[in-house]
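Here it is: the structure, laid out below.
By written order: A, B, C and D. Residues from 1 in each chain.
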Amino acid sequence: MLFEKMRQKPFFILGPCVMENQELLYQVAEKVAEAGERYQVPVIFKSSFDKANRTSIHSYRGPGIEKGMEMLQNVKDRFGLPVTTDIHEPGQAAIAAQVVDILQIPAFLCRQTDLLVAAAQTGKIVNVKKAQFLSGHDMFYPAQKVIEAGNDQVILTERGNMYGYNNLAVDFRNIYDMKAFGHPVCMDCTHSVQRPGGAGGKTGGDRTFVPMMALAAKAFGADGYFMEIHPDPDNALSDGPNMVKLHDLDKVMAPLLS
Amino acid sequence: MLFEKMRQKPFFILGPCVMENQELLYQVAEKVAEAGERYQVPVIFKSSFDKANRTSIHSYRGPGIEKGMEMLQNVKDRFGLPVTTDIHEPGQAAIAAQVVDILQIPAFLCRQTDLLVAAAQTGKIVNVKKAQFLSGHDMFYPAQKVIEAGNDQVILTERGNMYGYNNLAVDFRNIYDMKAFGHPVCMDCTHSVQRPGGAGGKTGGDRTFVPMMALAAKAFGADGYFMEIHPDPDNALSDGPNMVKLHDLDKVMAPLLS
Amino acid sequence: MLFEKMRQKPFFILGPCVMENQELLYQVAEKVAEAGERYQVPVIFKSSFDKANRTSIHSYRGPGIEKGMEMLQNVKDRFGLPVTTDIHEPGQAAIAAQVVDILQIPAFLCRQTDLLVAAAQTGKIVNVKKAQFLSGHDMFYPAQKVIEAGNDQVILTERGNMYGYNNLAVDFRNIYDMKAFGHPVCMDCTHSVQRPGGAGGKTGGDRTFVPMMALAAKAFGADGYFMEIHPDPDNALSDGPNMVKLHDLDKVMAPLLS
Amino acid sequence: MLFEKMRQKPFFILGPCVMENQELLYQVAEKVAEAGERYQVPVIFKSSFDKANRTSIHSYRGPGIEKGMEMLQNVKDRFGLPVTTDIHEPGQAAIAAQVVDILQIPAFLCRQTDLLVAAAQTGKIVNVKKAQFLSGHDMFYPAQKVIEAGNDQVILTERGNMYGYNNLAVDFRNIYDMKAFGHPVCMDCTHSVQRPGGAGGKTGGDRTFVPMMALAAKAFGADGYFMEIHPDPDNALSDGPNMVKLHDLDKVMAPLLS
């Protein structure tokens, strides 16, 4: 049903990069729920319980899956929002699926067969992020792994391709090419503006480009938008340079819906 | 004055890739002039007198500079349109400048100092195409060569970057970065969808993406749009796969002006 | 002690891509052991128990970890060779470490903190393959994750970077840059000649380049070489186009040791 | 005859990037001639009369074609060396051909049909540098333009491909691919280590990699080597960071000839 709604209207996957604490999730989720109401579009709350592949071993990773799922359940209970999170090992699929409506497969892991199959078998929507090293055409195969595991609720997400070292470029033709498979295609406006490893042991980026990335994706036919938002990105524990400020959410969403 | 108009409203550089014959130029220019009237935006007629770097030595090159300038002058006389063409050697600058309003510097040649200086010294507007191997930031230097030669009527044009072999990807952030220099930035929607050398001895491409490229460029702040148009692109003598069909011009222009 | 030997002489990691059956492993291991004797260099037998990220879900994956470790133990017992295999989840590290001398971290997974830490904690040598999307400089961080987990027996392996879609190019400067960290650097001559996804649902490649890749790596200071070998690559169950023919092993090794 | 010699033994194209003054040319040419004697291989003296596409308009360009050809003739007269230089416009071909044995076509210009044809028609050997945006396979067409203009004395030179912004990577497979056309293939060990525009308004680089690039090219079948050399590269007027020190010439040549 959520999947059907996501096919009918532009959808938005929104939330802070990592679950810093319960209060942050409430604060952001409230605004997300309001935006869904205001624009009458599907909104899904997103946050990660574990940043499993940060550049440095010293970076903050998150509360872990158990505590994290509890925090997401609280968000669901309080705001009635559908929620999503990313998983990193096959064993996490069933656990996360007890709470989330959409399981997100990280870009680096989008060819890991066991992870895709485990996610598919939960029956939840599976959102596969396109790896930084694949074309839109190549995403036929990861999607097919989910489908052949018995689940046709697949979303594909664009997030840019490596362009030389420590830089990503978005080849928007990939959105068009992925749409040809028939799955909804989402634009990750946050991670596509990263400068991976470009800030000396952590990943940099530039949130200035987020609204432009979203509009360009719209031009190429994107069905939905993924954006990380935070009340105070410059003090966020992960991906700060790329996250949209919470009070700018309207400014970013409105032009996409006109 | 043309330059000032190009700063105030979205401008369009339009025409067939190469000057196949006078009738073709008239046929296209008529529609270009009409579009300029209808939308009340600056339109500039473009066509090349010489395709100087085609993949194969056997491909059609054009009528040459003398005949070509005559043909462009005829277009000017008949439709009152400003015109532009690309030059390939310093010696061509003054000759072309007797007719054209804008001199276009090809992407491959955008670092050739003598060509830039010769173009600058004509006093005409100089439209420097960003090389397929340069970033937006790098275009500071070619622009500066024009300015230091005494001409500050500079336009910079995005046309994509090499992405692996025989493929281009457009990193739209370059439009934003070039705008920071203060010059109008144009999006070449035709050549950015090329597949260079991707069709066995000639360059392929896909015109499907042209309107999307234009809208995405708008999202990143482009001031104008370059598009090659032709009544029958599939039988054109150059760049057919990338050219917009003449009768689709409205469909492409309208969304950019809403 | 193996690690010390690998620091003193050029080492070779050799074997068939995937454990097709026990006989194949014996057949290849015999030649590997002989080569080690003949050239008096460290040789390590490699084969995978699971191809966990093949392009298509229908491709052969291997015997699994339990059966696979048994097969590797048999090779060890019969030929006295050190052995290595690649792992894909943290939980596999301790199991594989009961048999192998070197744990190999796949390129796509080289930033997965838990996998690196689990491998490190076994006390075995950890061979981290450089991701197709990282520079040599960037490999400081994955190596550091192993070291900070208490294990300084780290090998770094070059295997090329994405160059456009469905193509890899080797930037050999990365070997030089990784050597600056003080760890032995290995050249994967097999996977660096892949054409990922370039053969319609499976990965293509060209074994012609394998000996050249090895010699070029030597020029840039590589300490060791990884090559997949097979008696009949054209009928192999994985990576056939890139594997060296078993009877060509000498032809490839000799020039590297002269 | 020179061309035949270049087919039989590894050849070396050597000299300072730009003709700073006559004394510099004599100083370098003397060492080049000695090296040719010592190793009994074809050596060709190279220097540019005009750096026509420098990043900044303020950089030193050279003495110009007239003065430059005089300086090259003096080198020829004094040391009996064959000489080469690069040309940038069709009109320069015949002038330079009065002195040089090989006309070099710059990489950015390697698709400019008129330049290739003008060079071909001089009857001199034409050395076409592979553009930073072309594959080895793509170089079939530029070579063919020379041949169809009546000259089959073609050399193709590898010099790396753009890898992201402000960086080049050498895909050595291109050497192998170009050799398939039957022309001698040369490795430009100097410009392949450039960091174009990577040093703020000028091009940086790293001469450390020059000898490694040459050895790797040998592994892939290169027939000759292009290296810029200078007695005091750090004070050179162009390409200093990439040039080999004159007194290191032996150290670089010897391993290539063993």
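We adopt the following convention: contacts are C-beta pairs under 8 Å (C-beta built on N, C-alpha and C of every residue); 3 or more make two chains touch, one makes a residue touch a chain.
Bear in mind the structure is a predicted one, so any value in this text is a computation, not a measurement.
The set of chains in contact with chain B as well as chain C comprises A, D. With every chain reduced to the mean of its CA atoms, the largest distance from chain B is reached by C.
Of all residue numbers used at the contact between chain A and chain B, over half are used by both chains, marking a mostly same-residue interface.
Centres computed as Cα averages put chain B at a distance of 33 Å from chain D. Averaging C-alpha coordinates per chain places the centre of chain C 38 Å away from that of chain D.
Once the centre of each chain is set as its mean CA position, chain A and chain D turn out to be 49 Å apart. Counting partner chains per residue, chain D shows two or more touched chains at residues 161, 163, 165.
Interface residues of chain A, counted against chain B in their complex, comprise 161, 163, 169-173, 176, 208-209, 211-212, 215-216, 218-221.
Chain C makes touch with chain A in their complex at residues 52-57, 61, 88-91, 108-109, 111-114, 117, 131-135, 137-138, 141, 144-145, 148-149, 161-162, 165-166, 196-197, 201.
Of all the residues in chain B, the ones that touch chain C in their complex are 163-165, 167.
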